[in-house]
Structure formats: C-alpha cells, structure tokens
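In the two assemblies presented below, subunit A is common to both, partnered first by subunit B and then by subunit C.
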Partner chain A sequence: MTISQRILDLPLVRRSDALRTFVVATWLGWQIESNWADPFLFAVYSIVRPLAGVLILVVMYAVITASAFEDPTFAYIYVGNALYILVGMVITGVSWAIIDDREHYRVAKNIFTAPLNGYTYLFGRGVARLIIGSVSVLITLGFGIFFFGLPIRLSAIDWPLLLVSSVLGLTALACLGLIMGAWTLTMARHFWSVGDAVAGAMYLFSGAIFPLSVLPVWLRWIGFLLPVTYWLEAMRRALLGDEVASFDTLAFLSNQALVAILAGFAVVLFVVSAYFYRWALHTSKEKGLLDMESGY
Partner chain B sequence: MFDQTRVTKATGLFLFWATMWARAYPRMVGALRERSWMFFETLLPVLAVSGYVFLYRAINAPPEYTGFAVLGGAMTAFWLNVLWSMASQLYWDKDQGNLEMYVVAPGPLMAVLLGMAVGGLLMTTTRATVIIVVCSLLFGVTYQITDPLLLAAVFIVTMAALYGMGMLFASVFLIAGREAWHLSNLLQEPIYLASGFYFPVKALGFWVATFASIIPLTLGLDAMRQLIFSGDPTIGFLPATVELAILLVLAVVFIAAAYFALSKLEQVGRQQGRLVERRR
Partner chain C sequence: MPSMPETPAIVTENLGRIYKIRGPKRKDDPKEVIALEGVNLSIPRGQVFGLLGPNGAGKTTLIKILTTLLLPSSGRALVDGLDVAVHTQEIRRRIAMVSGGETSGYGLLTVEENLWMFARFYGLDSKVARQRIDEMIHVVGLDEKRRTKISDLSTGLRQKMNFIRGFVSDPDVVFLDEPTLGLDVAAARQVRDYVLTWMRQHPDRTLLLTTHYMAEADEMCDRLGIIDKGKLLALDTPSNLKRRLAKETVYSLKVAPLGNRPVDRADMIEGVSGVRQATVVEQDGLTELNLILDEDDALSGVLDHLHRRGSALLALEKRVPTLEDVFVDLVGRGLDVDTSQRADDQAAEGSA
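So, the complex of A and B:
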C-alpha cells in the first residue's frame, strides 16, 4: 500500500474533500516531477542545478575577496541563495502545474470540471515541488558547511524561530504561488515566463544575495513590500545565530517583529489567494481558456 | 480551362537553401509579430544580471566586473535559445505533429535544423543587444574595443560553433524523449558556472576551464571579454587568437557531427517506426 493510500485512509482525510484532493494532488505532483528518471538520476538532477547556482556566487565572491569565506557576508550570500531555491520552486510550481495540465497533458478541463476542490488541488501540486526544493536546500546548506565552513551549528540554531518562520514564510510563499498559478489560468500568452519573472524580481528586491542597502534608495521600498525579504532575514537569524551579518535596512526589526510581519503576510495572502483563485477560474471558463492549447 | 503554369520544383542546393529560409522565416517573423515576447525575454536576463551586478557592488568588486556580468548575461540569451529552441525543438515538433511533416517533405532535415539556427540566431542577437544596451545604461558600463575585426570574427565563429552544437543536441534530445525537458533544465546553471558566464573562466583553474571549453561560449565569452574590456590578455584563459582557432575547429566538428547524428537518427527512427511516436 502506498503512502498516499495510507494517508487517504485516515478518518480525517476520508471525511474531507479538500484534504483528499490535496493528498492526491501532492502524490500526482510528485509522480510527475520524479518519475521521468530512475531515483539516482532524479537525485542528481535535483541537486546539481541548485548547487551550480550557488557555486556561481561562491566563485564570484572568491574571485573578488580572495576566498574570504569566514566573513559573515559570505554566509549571508550563501544562505540567502540556498533558501531562495524554495522561493523559485514554490512561486513557479503552481503555474507549471497549470501549464502541464492544460498544454502538455491536456487534462485541465477534466480536472477543473470534476467535483474536486481546485484550490487544494493546486496547493497539492505545489507541495511536490516544495518537497524537492526542501531537499535541495538541505543539501546545498550541507555542502556549504562541509566545503566552505558555513557557520551553521545544530546547537546554535534558534529552533523556535526557524520553525515558526518556516511555517509562516512557506505559507505566504505557497499562497503567492497559488496566486501566480490562478493568474496563469487566465492567460493566453506569456504564461511560461510570468512565474520566472516574479521569482527573478523577488531575487533582486528581497535581499537574497546582497543587503537591500546596496539597491538604489528609490528601489529599496519594493523589498519592504515582499514577504520573502522578512522570511529570508528570519531564517538567516535562526540558522546563523550570532554569526549573522547585520545590515541597517532590517537590523532594527526584532525577531518577534519579523514573525509578526510574516504572520500578517500569511493571513492576507491566504485570503487574497482564495478569492483570486475563484475569480481566475471563473474568468478562464468565461473566456474559454481552460482547455486552451496555445502551442507555445 | 486549366491554368497550365508549370510548377518548378526546387532541387539540390536550391532546395536546401529554400528549406532553410522557410524554417528560419517563422522565427524571424514570429519575433516581430509577437513583440511582447521581447519584454519577458529581455526582462528575465536583465533581472539576473542586475542581481549579479549588485552582488559585485556589495563585495566591492572592480568596475570591469560589472561589464563581465552584463556581457555574460547577454550571452545567456544565446545559450537558452540553443537549449530551448534548438536542442529541444525537434522534440516539441514531434509532440505537436510537425516532425512527421518535416520528414515526409522533400527538404533535407539538415536544412530544417540550419533554418532553426539562422532564425534563432537573428532573433536572439536582437535580444542580446537589447540586454547589453539596457544593462549598460542602467549600470554605466564602458567598453574599450581594441580590435573590432577580431571581435566580430570571434562572435561569428562562436555562434557557428554554438548553433552547430545546438543542431547536434536536437538529435540527441529527440532520442532522449521526455527527458529532453529535464536535460535542457539541467544544462542551464551548471553551464553558466562551468563556462564562466558571470566571472572570468580562468578563476575555475586550468583543467576545469579546459574541459568547459567544449561549450563554445566558454572560449567565445573569454575572448570577447579580453577584446571588449581591456585588451589585457592576463584576464583571459588563453589568447583571443588561440581561442578563435579552437572555436573554428569546434564549429566544423559540431556541424559535421550534427549532420551524421541527424542522418543516423532518421535512419534508425524510420526502421524502428519511432520517429514520430509520441509516447516517449
């Protein structure tokens, strides 16, 4: 019996359409993401790309600073980039689920006309990429600890802050991903690029690999409007403890303040995503976009 | 009664030429008809380049590194075009039912591939130019071109080798089937790293840079940096003229390999009846 079947047999799950849809969608997403290769090849594929991404930054940093990996700025850059893997995966994940279902497998019309909870279905599809992304983050961080002496020590991690900011931050990110996915439902063109564009913009404005103070003053405010900015800051503080590099743009916020801001983003984005999804599904049906095959 | 106008069939070299432009045409015209693509295809590299430029500024890098990142970012447009619009193209065509039409049409498949390359190259050169102009204006990059003729030669030969590689990959990726998508994904960041898109490839050490030189953009980018930014050969992996000679060899090898791979693919595909099979 598969894990998904065991979860589906739980009494709580059996009673809830939304939960059943979520579990099945997560299982489906995992199968789609992983079953094109044998487990070893899939593991290599899941690790090589993020590692290469972070190594580009490592080499750039090493060339300029003569490999000053002990400087807190290096840990700031490395951890920020490693965590950002999750942002990219979650923000674009739901959009890709829509594109896959609609354009590649051509089953979107069947799925969204079936009596299932479409909102939790999309959440479930996003979770599969979240799982893959989480593994990539852990391996990337482990690689940094082992090869570059990244100052992350299990005994020094602020576990409560890590746990709370992970839950709140990932909830906010998942809701953002859902908004992007729902938006994809309403698009006839350019849906391939929108998720990447948003993720790319957030990479630039959220201080993922450099402090916001490096940005021109007239651009910094964008960073303050993004949940990713606060999530990355909270996660860095939790993981790096006293070794975290502190920059004046966010240093004035206490840990509690960061958590409160993240909680606010999570709640607002959850509500917005639920309404936005309903509007987007309705719009895509009205405009005949639900079963569109653009051939792009 | 009936119009007796005689239809002239293209044959030989003219058929090759006509097929190539027929395949290049939709790419060139498509870029003009769907101008909004320009926004995304320049915005994404500009965002990535901006991130790397700000990182260099955060760690107080010398100003020429901004130019290195801008040039590398512009070159990503060519690499992405080769991966997604050359290497993966026959796979997409199979998925959408175009490949069988290419195969049964009298035009040679090699001309179809070359048309894809010519159309893609023209389209991508426009995008790369926009990226360079926008980023140069945004970040105040200055250029000192020491030898424009050599620079032009390096660019042209790099593109010939790169798109030759793309033509070779098209056959390989078609065989890879469903994994083509993942192969293209996998060949992005690792190649940006190994080829030194955002830093001088020399920083990776001699052996890594040597192995990475199989990707034409590694040497092409390195030579262009030497010729555009300072004329200082010490920033380069090899002298620009040597890199040009190696790139010439790579261009010949890749185009010849693409021809043989495509012939083999067509032969095996016809024999096994899998050329247009869409289950994979």
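So, the complex of A and C:
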C-alpha cells in the first residue's frame, strides 16, 4: 500500500478524480488478481496456464509438420499465440471487473455512488491483468526460445518499433476492453461471455495462428478492420525481423505505415470508448442495471 | 456549485419510475411496473427522515434515484439543490449510502484496506483517511478485526464495516437503507446510537433512513414518510402521524383458535361494522388481532363475530395508537404481519 499511497499523495493525483481513481483501481485490481492464492500457486498459475495453451498448438504443429520448428511458420504461430495472451487478458479483464463488482463482490452500488471516474476505474482494474499477461507473454516467449529455438535475438530486436507498437497496441486493446466493459454495463444477462466472445472471434481473424492470406479474400477484410491484426504484425516484425517476410498478407505496409494505422486505431478507439462508456452508463442507469445482481 | 444553507437537502417533484420487465421470450412485450408515482418530498437539512413501507413499496427505488444509481422516468429529484440526472459527480461527493444486510465488499481485502480504498475514492488524503478510520473502527468496536480479511467476518461485523464506509467521507447527506437489517439487538442498538450521536455532532447533515422496524423509526426520525405501491401516503412527524388515529380506538385481542375461514369476505372480521383495519399475528398457537375501530361501540360486533366463528377470547386490551397502527390504517396491512385474509387462508390450509 505504501507505493500507491505515495503516488496518491502527489498533488496532481490527489486533485484529479481520474488519476486518483486510476491509481486506487490499479491497486485494487492487483490485490484481486494476485491475492486469491498463495504466491507459489499464483506463480504456477501464471506460468503453467499460458504455457499449456501454447503447447497445445506446438504439439499439433509438431504432429502435422514432423517437428519443423525451424520453419518460419512455427515462429509465426508461436509468437502470435504468445502475444494473444495479452489480447484476452486485457479485453476480458475490463468486462470482468464489472461482473466481479456486480455479482461477486456486490460492490457496484458502492462504487457507482462514489465520486470516482468510472472510465479510469475500469482502466485501472485492467492494468493488473495487463501486468500478469505481460509476464505470461515473456515466460512463454522465453520458453519458446529455450526449448524450440525460436529465432528471437535480443540484439536483433527492433526496440523502437517494439516499444511504440506495444504502447499503441495495448492502448487500442484497453479501449476495446473498455467498450466491452461498458457494453456489459447495459446487459442484464449473457454478460459473462461478451469479452471472451470478442477475444475468441478476433483470434480467428487477426492472424494470431495463421496468416490472413490463408482465409478467403472476403473474410480477410474482417482481419483488416481489427487493430489486433496490425499490432501482432508490428510486434512480430519487431521481434522476428526478416522471418515475417515469408508471410505477405501485410507485406505491402511499411513499419511506419503499421505504426500510423495502430496510432489511428488507438486514437479512434479512445474517443469511441469514452463516448460509448458515457452512453452505456446512462443506459444502465435508465434501465436500472448499474448495481444489478442477477445471481447467475 | 456551493449549496445554499436554506436549500432543502432532498427535494422530489412529481417523481416517477417505471421498470420495463421483459418476459422469458424475446418477442414478449415488456411489462411495465410502476415503482414510484408522483412522489413529492422536501427534506430540510439537519433532519433524520424515515421512509416506511412494505417490501416493493418503492423505498429502495427512491434511494437509488437519489444516490444517482437510477434515472427517474418522470419528474425530478434534487440532492443538495443539484439535479440527480445532471450533476451526478457533484452529488456523489456529498452523499453516502449504506444498505442493510449487505454481504458486499472485497473479501480478499482487510477491513482497513477496504475502508482506506473507499476513503481514497472519495478523495480523502491518506492521513485524514487513516485518522477517521481509526476513530470509527474504535467507536463501532471493530479494533480487533481491523486486519482481518472481510471474507472472514460475520454478516454483522461486515455490516459494521459498511457502516463505517458510509460515514468515513463525512457526507452531507446519508442514505441508510434498512441499516440494522440482520444485526443482533446489541449491534442494532450500537448503530442507532452512532447515527443519533453523529447527527447531534453534525446538525447540518441530513439522513434518510428506510426501515422495517417501527420502533426504530419512532425513536430515530424527526419526520416520516409512509410509502406503498410507489405512492407517498403520508408525511409528518411520528407524533403527528399517531395523532391521526386520536379519534379512532385501537384494540389488541388474543384469541384461540381464530376459527374457520368464512367463505365470503364480507363475513370476515374486516366486514364487521365499525372495523377500519384488522391485522392478525399467529404466535405460539394463539392469534393476536390488532383492530382499529371507528368507535368503541364497534367492539361488541367484533366479539359477536368471534363468538360465531368459535373463537375463545383470552385477552383484550385497549391501547394507545402506535406507528404500526398508523401504517396499517394507511396501507391496509402491517409491515411484518400478515393481513387477516392471509391468516384466514393459512387457517384454512391448516384445517384442510
């Protein structure tokens, strides 16, 4: 609590509803995400779960290709899957915060009658999942490098591209998560599946497990409309370098163009999510759903 | 937006709320349920205002609107002179809400952490927050549990913690929705004492309380509103409300058994000439009848009626009207008791 207390006592943070809410919600999110089990179990969960997910695909790949781990396709699949952990964590994280507060902890009425900034509250609650997801991604990538010879070399990583695309991509993802969370606010039922459904659908169309060129032309357009597609491409280029050149679906875009598209998505989604949140909050209050407990 | 001292703490003008409830099939047209209808209310600062009503009367809906959780369907509501539909954030800085029987709270946080977190959401700085939490934890007797995770607390202790959460931000207007629900007698007493002391120490603050307990309302409230089916039926001080029944007479009768249920409603006890209201409580094999009569002369008709039904009269008492009697007179049934018709139904089921 000490670090968050110090941050909260900074004059800028103390005077701003948005910043203060964000810091407290981040602290709360961390407590919730990390405190449910003892540290050992938590570590096992954080490591084993993502590894198990990616190993399923590795085994399938090994069976089909007779363990052709040196083929660029393997790096494409492995990195895409490792990074996709973050997509699920961030997008579902925000909508889960709403469900948790309403149904599990039953504090929605206390939260929404407090003078906090609901938008940054949800962002803050998502941060813990982002941190845990990032650790999972690093562990999964490290595992791939060590055991399967994933061609990622620290000296060859395009760090500026990695950093910029990470910030822009994660901003876009967080805004998508916020839209899902806001949508959850307006629902009385079936809200459990919103984040998972969207993350699952994007898994298929964003080039996480196969290049978009595998899809029929008309289906590729779904992928072209998703920020995740460009984020995964930019991250792969930053991490794998020339390896990605083997897949030509987005080869016509330069790195700068990718970053520009990601920036566009981040800005548009930020604005849309802010307005959508306001609309959803109003609708929820109109329908009487803000503090609803369905008992599902 | 500073509030003016003369502005009432709470005002509602023709306030209405309709819920649209959809059936199990999507094609079903939503059914409209009127939760509040034309509620006009003005609560001055410094008052403990009680809202009495049976379940589903609209008490919680009214509190939800006033605490910015719900939008009204018609009319408007002002808290501290601010419109709940417009100045949401400003109102939230000035209010707090505690609901009774709450099992809410982040179970993985300790009592202190939960309170600290909410204090920070309300913008309190760390030092002030800690100081207030320390004081209030001591006052409500949670010292030993301050570092206990709230998932390990009993319902009563958790309710005490929620009570502190409501007051830690030092709000101008507090909404207490059934604050003593689920508490044992001693804990409920402690809560009532705390509220009354707090109001004495902060005479400019306002408290809106809903309760099922008539004695609690009588003891705590400066003014009461009686609400049923979304409509405000009466609004006055407890003593003035009781004075409404000054011309009528109130009797309590103990009988055993109540007897067979008459087929026609006109043959029930409410059908006896001069009986304004009747409630029935079954307890320990006895039936207690609480009657509001237009005049004493009606009592002979009541006794004749009981005799015809085969009831044996065990005790009869003429008593001073209570708030419960006022409530029954206005609403037609008690808060926690069955109506005589329901008791008759039960008697019929029992004899079948």
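Everything that follows uses one rule, which is that the second predicted complex is superposed on the first by the 294 of 296 C-alpha atoms of A that agree within 3 Å, B and C clash if a C-alpha of one lies under 4 Å from a C-alpha of the other, contacts with A are read in each partner's own complex, and residues count from 1 in each chain.
Note that in this section a contact is a pair of C-beta atoms (placed from the backbone, for glycine too) under 8 Å apart; a residue touches a chain by one contact, two chains touch by 3 or more.
Note that the coordinates shown come from a computational prediction; the quantities given were computed from them, not determined experimentally.
Asks: If we overlay the two complexes on their shared chain A, which of subunit B and subunit C does A:A114 touch? Say first, second, both or neither.
Replies: After superposition on chain A, A:A114 lies in contact with subunit C alone.
Asks: State whether A:L290 touches subunit B only (first), subunit C only (second), both chains, or neither.
Replies: The answer is second: A:L290 touches subunit C but not subunit B.
Asks: Which partner does A:Q5 contact after superposing on A: first (subunit B), second (subunit C), both, neither?
Replies: second
Asks: In the overlay, answer first, second, both or neither for which of subunit B and subunit C A:R220 touches.
Replies: neither
Asks: On the A-aligned overlay, A:V59 touches which partner chain: subunit B = first, subunit C = second, or both, or neither?
Replies: first
Asks: From the superposed pair, tell me which subunit A residues show up as contacts to subunit B and also as contacts to subunit C.
Replies: 36
Asks: Hey, which residues of subunit B end up touching subunit A in the complex?
Replies: 34, 36-37, 40-41, 43-44, 47-48, 50-52, 54-62, 65, 96, 178-179, 182, 185-186, 188-190, 192-194, 197-200, 203-204
Asks: Quick one: which bits of subunit A touch subunit B in the complex? Just the residue numbers, please.
Replies: Where subunit A meets subunit B, its residues are 36-37, 45, 48-50, 52-53, 55-57, 59-65, 73, 77, 189-190, 193-194, 196-197, 200-201, 203-204, 208-211, 214-215, 295.
Asks: In the complex, go through subunit C and note every residue touching subunit A.
Replies: 19-20, 64, 67-71, 89, 92-93, 95-97, 99, 102-109, 113, 116-118, 120-123, 125-126, 162, 165
Asks: Which part of subunit A faces subunit C closely enough to touch in the complex?
Replies: Touch residues, subunit A against subunit C: 1, 5, 8-9, 14, 17, 20-21, 24, 27-28, 31-32, 35-36, 105-107, 109-116, 282, 285-288, 290-291.
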